[in-house]
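Here subunit A shows up in two complexes: once beside subunit B, once beside subunit C.
And then the complex of A and B:
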């Protein structure tokens, strides 16, 4: 606890930590000082002068250094002759602040009057009307009439696109620079600036494309006026007319808390729901604007049965009867693929259907290039309950390994960046430049394929320098001696040779990580996540004592909204819910089920579109005798199906997701679904009923009640707990920020405890030699993930679909120069047995010898080239323009 | 007993006297709708959505009328003007504007809230419909012009200045 100082604000004495700003101290004293430019998430700048207050400090006797007292024994206070900005002045001991002095009241009136001289006052047509700071503060503190002539008002265009998602109305802008500062400080995308000066000052974006940031929507929330509005919500409704339903974003694994604002049964906008432990008050643009798939015209509206190659509408009863009949025949040979967009309840019932009714362990949620990753680390040494990855400070170290957080988990990127800004030691290990390198204390650039070598190198360096946490090792680690022996052959020098990172850097990073009080490892898709890597991360965490407590442990940056939940619920062929191994033989993985050489008799594919991803999968599905697809849209896979069942979107039902940080969070039903669309768990339950089971789940709630009984990890996760209103204590700590007209922090989730936390038992460590060998000669193909994917959902969201790029390859400028390739060219990428032609992009930040082909763009070219490998050597040739045409 | 009989007769005579008196007066019954009904200028009847002189709608779809309405009987959905489809000056217009006349209590709050003087309670009171759903007046019904022939507005209303409203103490 830092030093406390006493200050008196409007006669109320409060104790606050030293260095607290007067605005924040005033909140503790129960006084709200009006602000425009100040925002508790941003650095103070003192631009708007709205927060002027009268400040005095106690007088000290120059000789004795004592506080002077008057005849009544009271401290003598000397007030500063000029008003002070409460948002930039830190408190000092004995400070006296008067917020309601006559001068301050006059100052505020003056400031507001000046602001309004160039403000159009078009509140009736402004999307911010009703939740606007300028409105509120003018009502509270402003003059009723202006002394200036209306004709002298400043005029500028009403609707300028600042980017393709955000409109600027510079008449309304009060130049508080919150938007500029958000992009600079929080997002790390310095794409906005104030142009010109005086009355002509204006917010501009000179980036190309304009306002090139994945977080642009947040500026509309923190803009204290209606100067920035979204294209999405433009004139959608007035703020007070909206109903708000708590939900959870289903577009990536971060699990941002959202509020679905609806009117007349339609989602009008998605707003962040404040959760300081998870997304604070931010959302990425995918989450904010991607919701439109819910209301898409292309939704499936009825069950379909294929007869003579044509789909015909059917009733659920008919469709399920047919499915039941067919699955009776295939029984334990049936295969099930469930996308990780499904809720925990759906996934649980899906595996129950397969394991108890059909007797099959052939279920999986990982397809395509994500198929190789079987993450167990979170279960063993997942970051402790209460980990706050966004508020770590200089006592903590964060190691990011093979993750491009900005693309893979945007809001997690904001949080990690926030910690790095607050002084946490960020080590960003990657095969290429990623945005976190801008702020990382140390960037380790390894050779692709050598991720596990690098991770074991860190372990070796810790051991070599004797930096292990001896107490923790003695208490909690099993097999430490064996590890030392095994690691003799694997020295930091060896790791440096294999990984291409210098030994000094490896040692320095290991030192930073081992010496920090707290340590978190985030590892992402590009790290490969293989067995050796997972073992290395686990060993690193255990020997440095960074396991089993808050702010310590591993976070796997998994790809989908409920990838974590899918692993928890046992949607893998080798594990039951709760990470228990299956009894007997493991089933087939998705990759094996979708094999054209050995097709299964029947497949049940839910919320996944494997046919679009690879020709191999497509061939396998075609070869499968009976295929059921359950989805929102008529996907490529659905077109090949024999029965298609319409499902409900996240907004149309309730359920729960588990985020990559293991937060289990419930979402509510906000809008109604197409009449014949069913929640997935309901469809599985009905099918089980047709096959003789008598399950009686009436709601997602009821399914979760069973999960709490059967899966010990989820024992606490009943809906009563998940939907319990946020605690008063937590609420008090929330900053009430302008941006919503409703309470936006209704509930919080629950985290389950990893093994390291839940028990005191010793955990084994063992050396597994790094397996990946980097492809030797030529160029190496790497398939990163991009945020705006070419998948089923956001392609249906017209507002953001323009951000989905066509498939392409990225190479470094140097390679391009050598190969004679320019930015307008296309290239053919060839591996033995496959080749694709895609347009090329040049990027100076890509290392030489690397071809990046995003894995999740339409056409899935990376998949064609890689098959099930993670990296491959690839031949790149320029396609003559004539040949393309 | 006698007193009672006498009293009763007197009451009957009085009653009949009133009848007799009105028998020779001009009837007040109005032959609606053949004859116009005369209402005061400030009579609050059916709403009309006003237009500017150039024909553009005054309504900007701000929904403030709906917010002010105590019975929640107004529904507004806004949309954006484009050069090809311009309905009102400025950026915003009401794409949907409906008033449920069955719920309206003719309080006039909507008129008071409207920043552009678009919604005005005028003098029409003939709001009967054969179907309940027809009582939801849509935008095309509400928009000007609307001048029912059966209404005449009196021009003799005496305007009482507000400061003289106070009752004598």
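And then the complex of A and C:
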């Protein structure tokens, strides 16, 4: 605990840590000092002078050094002759601050008069009206009239695109630079700046494309005026007319907390809901603008039954009766694929339907390139409850392995970046450059396919240098001796040979990680997540003692909003909910179910579109006798189905998701659904009813009540707990004046405890030899994930359509030069049995010998080439222009 | 965009600074030297050479009036018309100069493309007003005759160059 000092603010005495800024100390004393440029998430700059206050300090006697006291025994305070900026002045012992002195009030009036010299005073038509600091503070402190000449007002365009998603109105801008500083400091995208000077100053962006940042929407939230507005919400509604519903973003696994602002049953905007443990006050642009699948015109609105090759509308009763009849026949041979966008409640009921009604373990949530990742690690040594990845102390180490967080889990990238910026040791291990390399203390560039070799190399280095945490090993680790034996053959030198990372770097990284007070490992889609890798990470965490407590452990950066929940709920062929093994034989994986050579008699596919991904899947679905698809849209897979059932979007129902950091979080119903669309769990329940079960779930809440009974990990996760308003104390500790017209912090989720923290038992470690061998010759194809991919949900958001990446391949400039390929070319990529032709992009940061084809793009080129592998050798040839035409 | 000579100079400049970013102003001067203004390619080249975001380079250019984003005359004439100079007749001097160069009162580029005239704030030679700066050279205690002589020299030079 740092040293505390006593200060008096407007007569209220408070104790705050030394170094606290006056503006923050004042909050503790219950006083809001008016600010414009200051923002508690940004470094203070003192640019706007709005926060001027009168400050005094106790007088010391020059001779004795004692504090001087007056006749009444009170300390004598000497006030500084000039006002001080509360946002840049730290408190000192005995300091006295007066925020409402006559001078300060006059100062504020003066500053506001200046800020308003060229302001258009168009609050009645401004999107920020009703939640604008400038409006609020002008009411509180501003002058009623201006002394400036009306005709001297500066004019500039009202609607200038600062980027594709954000408009700038310079007339309203007060040049606080919050937007610029957010992009520089928090996002690490230095794409905004102030151009020119004096009255001609203006926010500009010259990146290509302009305002090239995945976090641009946040600038509109923290802009204290209406200078920045989003294309999505501009003139959409008045802030005070909106209703607010707490929700959770379902577009990636981070699980950012959101508020859905609705009017007349329509989502008008998505705003961040403050949750300091998870997304703080940020959202990525995909989450903010990607909500349009709710209420889309293209939605499925009725059950459909295919008759003579044509879909015909049907009632739920008819459709479910047909499905029930068919599944009665296929029973335990039925296969089920449930996408990881579904809520925990849906998934739980889905597996219950399969396991108890149909008697089948053929269920899976992983298809395509994610098919081989079965994540158990987070269950065993997941980052401890209370881990705050955005505020790790400087004595902490973060190892990122095979994760491009900026693309895969954007807000998690912001958080990791935040910790690194404040001094945590960040080791970024990847096969290529990723944005975190900009701020990483150490970047390890491994050969693709050698992820587990590198991870075991770190273990070997820790052992070799005797850096293991001996107490922790003695208390909590089983099989340590055996590990040392087994690892004799796998030295750091060996790891260096296999991974292409130098032995020195491996050793240095291992030292940093082992010696750190706390250690977290984040591993992502490019790491492969195979058994050997998971074992290596687990071993590394256990032998260094970075397990079983807050700010220690592993985070699997899984692909979808509820990938974690899908693993928790047992949507895998070999495990029941709560990571218990199935009794008897494991079922088939999605990859096995979707095999054209051995099709199942029936498939139930929910919130997934395997047919679009590969010819193999498509053929398998065509070969399957009876196919039910339940989704929001008429996907390629749905077109092949015999029965199609319309589901509800996230905003049209309630439920819960579990984030990659194991936060279980409830979301509420904000808008109504198409009349005949049902929540997925309801459809499964009704079907079970038709097949003789007598389940009586009436709400997601009710399903969760059962989960709390049957899945010990979720024992606490009832909706009462998940929706409980956050405590006043908690609010006070992070309160940020955001100006929003709604309460921005309403609830927080709950985390479940991993095995390492739930018990004191010893945990086994064992060496599993690295499995992946990199493709031997030629170019290697890698399929990274990009944020704006060809996903079904984001495709409905017209506002971001310019950002959606079309199918393409990326190669290094050097390889391009050698192959005679230029940026205008297309290339044909060939593997045995498949070939695709896509436009090529050149990038100086891609390593030589690597072809990147992002996964999940339109036409699924990566999936077509890779099948269920994650790497492959690929032949690349330039397509002559004539051939394309 | 950098010529071989400029490339060498740039390398010399970079040696003088602890970080590449610090060399932004001299690098921009260098980039601007040849044609007196900066086009998009120049800016990109500076950004790449110094590993600074393009937006930051643009903002610096915007801040300093001596960097130009539009083509100018071959020589830049900056006449100070700030208060101390004005008290010594600089405003009148400037007005007469615009007329003699056939330019409007806000200055601009002459029809022959030889000069760009601009009124500027204090150039720190207040005691020697009227004064002006042509390219990097100061001309002080000016009279109309003196400036005519100077301009005539530039014109002669230009003629020689085009003749040669």
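Keep in mind that, in the parts below, the second predicted complex is superposed on the first by the 875 of 885 C-alpha atoms of A that agree within 3 Å, B and C clash if a C-alpha of one lies under 4 Å from a C-alpha of the other, contacts with A are read in each partner's own complex, and residues count from 1 in each chain.
As a convention for this text, contacts are C-beta pairs under 8 Å (C-beta built on N, C-alpha and C of every residue); 3 or more make two chains touch, one makes a residue touch a chain.
The structure displayed is predicted, hence computed values, not measured ones.
Contacts of A:265 after superposition on the shared chain: neither subunit B nor subunit C is touched. Touch criterion not met for A:66: it reaches neither subunit B nor subunit C.
By the document's definition of touching, of the two partners only subunit C reaches A:206; subunit B does not.
By the touch criterion defined above, A:241 lies against subunit B but remains apart from subunit C after alignment on the C-alpha atoms of chain A. Legend: residue contacts after superposition of the two complexes on their common chain; A:195 is shown touching subunit C, with no touch to subunit B.
By the document's definition of touching, neither partner reaches A:720: not subunit B, not subunit C. Residues 190-197, 204-208 of subunit A are the ones touching subunit C in the complex.
Of all residues in subunit B, those touching subunit A in their complex are 60-64, 66-67, 77-80, 90-92, 115-116.
Put simply, subunit C touches subunit A in their complex at residues 43, 53-59, 62-63.
Considering their complex, residues 122, 124-125, 129, 158-159, 234-238, 240-241, 264 of subunit A touch subunit B.
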